[in-house]
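Pasting a structure below so you can have a look.
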Amino acid sequence: MERHLDENLTELKTNLLNMGAMVQKCISDSIESLKTLDTSKAKEVIECDEKIDKCELKIDEQCLDLLVLKQPVAVDFRFVTMVMKITNDLERIADLAVDISERVLELSGKPHLKPLIDIPKLTVIAQKMLEDALTSFINQDAELAKEVILRDTEANHLRDLIQEELIKDFIVKDSNSVTRAIPLLLIARHLERICDHTTNIAEYIIYMVEAKIVKHRSSEL
Amino acid sequence: MNRKALNNFWDKLFKLLGITSISFGLLVLLALIIDVIIDGYPRITLNFFKSFPSRKPEMAGILSAWVGTIWIMVITALISIPIGIGAGIYLEEYAPKNKFTNFIEINIANLAGVPSVIYGLLGLGFFVRYMNLDRSVLAGGLTLALLVLPVIILSTREALRAIPSSIREASYALGATKWQTIRNQLLPAAIGNILTGIILAMSRAMGETAPLITVGALTYIAFLPQNPVIIKDSFPFMGISFQGLFDPFTVLPIQIYNWVSRPQKGFITDAAAGIMVLLILTLIMNSIAIFLRYQNQKRVRW
Amino acid sequence: MAKNILETQDLKAYFGNKQILKGINLAFLSNTVTAIIGPSGCGKSTFIRSINRINDLIPNFRIEGNIIFNDQDIHDKNVDEVDLRRKVGMVFQRPNPFPKSIYDNIAYGFNIYGIKDKYTIDAAVENSLKKVALWEEVKNNLSQNALTLSGGQQQRLCFARALAIEPEVLLLDEPCSAIDPISTAKIEELIHQLKKNYTIIIVTHNMQQAARVSDYTAFFLLGELIEFGKTDGIFTAPKDKRTEAYITGRFG
């Protein structure tokens, strides 16, 4: 049976995916600006955050309206409540992209300590995780979401490597490098945090699809 | 003429037609009543009620007729009301709903439509001849009881059926038995409608002539059935006698019929006065029925 | 202690040749509220009307399987259905007070049981009217005809009437379908409070109501029990696709 509610849900889905695309663009722009140390691009990211914040508010409002007016149950209820939580994490990811851009502004005018290798790798992981999380949202694919969660350990590992290298090879050896090393260190952390939030999103999607709560129970996957 | 005007025209035409039909019925009735009143009014005196019929029109009265009517009505009521209500309750509440019950129901409905003279023949054959009741008050009362029984059964059933099943369910759900439900809920709720039905049936029976003539009611009678209450000289000063049940009788409509068929002018006046009495009695009974129905509607509405 | 006060085992019900219930196995814990939901004609009313044997009054109604109430089959020869109905009270879809006074409506349960003590009945009338929060509204007009009350008040009077004889189980057949939202809210509040002393089974078409008032929910479809479970589970994560389709309105 065609339901009026389906129209609302489709609209909600589209809005969330738009927001997701904006967040993805923020991440890639911020990393791009890091690679080229392009401050104008970094500033673009910071401006974009405002749009994303508005987007989050709009989606949250839609969810609240649906909850109170349509009183969705079962799969619809899980969808609406999880969308609310996903927007929260997406917004946090956008904030992290802004953080990265702010680090880029700090780094501007100074050449990189060394060619960037591991940070782009971590970026690829983070971007792929977010992309897969959004894909699993589109297709309501819990299996893909589970894979996303498992990839978080890889990201953690890579961040540890980057930290170790920056501390051992630069910060300890040469105190002049600290102002350039610390922002990179933070960027690695930011990227890892992006992976964490993406993991959350994947967990919400699993609940949305399978009604199973996997948060804080990732060992059971 | 446009469509609206045409519709208006037809509306008005039918309205006029309706008024004409109603006035025709009412006018005829009114003419009859007025004619009867003009003819009969001078004869409505105390003596008219206190005198037996007589050869002389100015001496004749309706004493034996109205006493007979009361006898017959009381007997009919005493017999038909309990049996009728009982049968109605059984059919509506107890009887299994199967083909046999259905068959009985259809036949009761048919009986209500059987011409009254047929009941008279039945009464003659069964009560008068077979049971040897002769041309008595009892035979007449029993015959009329048969006549009104189907109507009472039907009106009892209708009254019970009009009670929403939710009332029955409410009673049963509280742990009432079938009889408790009937006694405490259904009968009190239905009694107004049942009484209405009974009174209408009785007022119809009061005007019946044919079955009583068939059973053998007399057309000329100069004595009363024996008074059931006997005054005694000694304690307890009163006694009850059922001897009157077996006495011959006449009733108002028969008396009227008898007078109407006489050639003397004076008897026509007597007949008109008798008709007035009968009409007033019927009117009173119908008024009671209407009053009861009104009370019932006021008390019970679902 | 929580125990199964009522249980149906492979319950099948027929009207003539038409099978309405196709083998229902359900158990009801004491002091819980169980909601029965399902589309019209799924047999949910037939089901609860079988529990107090009020369906036995309908010609051609027939039942197979067992209904166990307090460890005894209610169709056992030793069980008097009149007695059963005192222990398993019922409130119907439409308010159905007797066309009598408010007082007599509640006293009826005592009258038919031969209790004549005025003090006992007076106390029960006041008590049960207080339970349903009707006492304050009617205490000065107890001799008033119950039919003059509003629909919501009438339905609460029907609750009071059922409660006065202190049943163990209360069957509610869509009790709020014919009354206004305020009265509905009052009755839902009442159900919540009654849970302390009674086991309640409620049939409802209003899914939000089922979600609000019940601890357990059973979903019926075409005479079968499709899903039974805790209400929060049914409404957030139903296991059966048909349950989900029904409660989300995708049905049919």
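Each chain gets a letter, A, B and C, in the order it is written, and its residues are counted from 1.
Going forward, a contact is a pair of C-beta atoms (placed from the backbone, for glycine too) under 8 Å apart; a residue touches a chain by one contact, two chains touch by 3 or more.
Keep in mind the model is a prediction, meaning the values are calculated, not measured.
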Problem - Identity of the chain that, by mean CA position, is farthest from chain B - result: A
Completion exercise
Per-chain Cα centroid nearest the overall protein Cα centroid belongs to chain C
Handout entry: More contacts between chains, B-C or A-C
Key = B-C
Practice task
Return the distance between the CA-based centres of chain A and chain B, expressed in whole Å.
Solution key: 94
Completion exercise
Between the Cα centroids of chain A and chain C the separation in whole angstrom comes to 52
Practice task
Please work out the Cα centroid separation of chain B and chain C, and write it as a whole number of Å.
Solution key: 47
Practice task
Any chance you could list the residues of chain C touching two or more other chains?
Solution key: none
Practice task
Quick one: which bits of chain A touch chain C in the complex? Just the residue numbers, please.
Solution key: 1, 3, 5, 71-78, 211
Handout entry: chain C residues touching chain B - in the complex, by the definition given at the top
Key = 52, 54, 57, 59, 82-83, 85-86, 89-90, 92, 94, 96-99, 108-109, 111-113, 145, 147, 158, 161-162, 165
Problem - chain C residues within the chain A interface of the complex - result: 207-208, 211, 235-238, 243-244, 247-252
Completion exercise
In the complex, the residues of chain B that touch chain C are 96-97, 164, 166-177, 180, 184-185, 189, 299-302
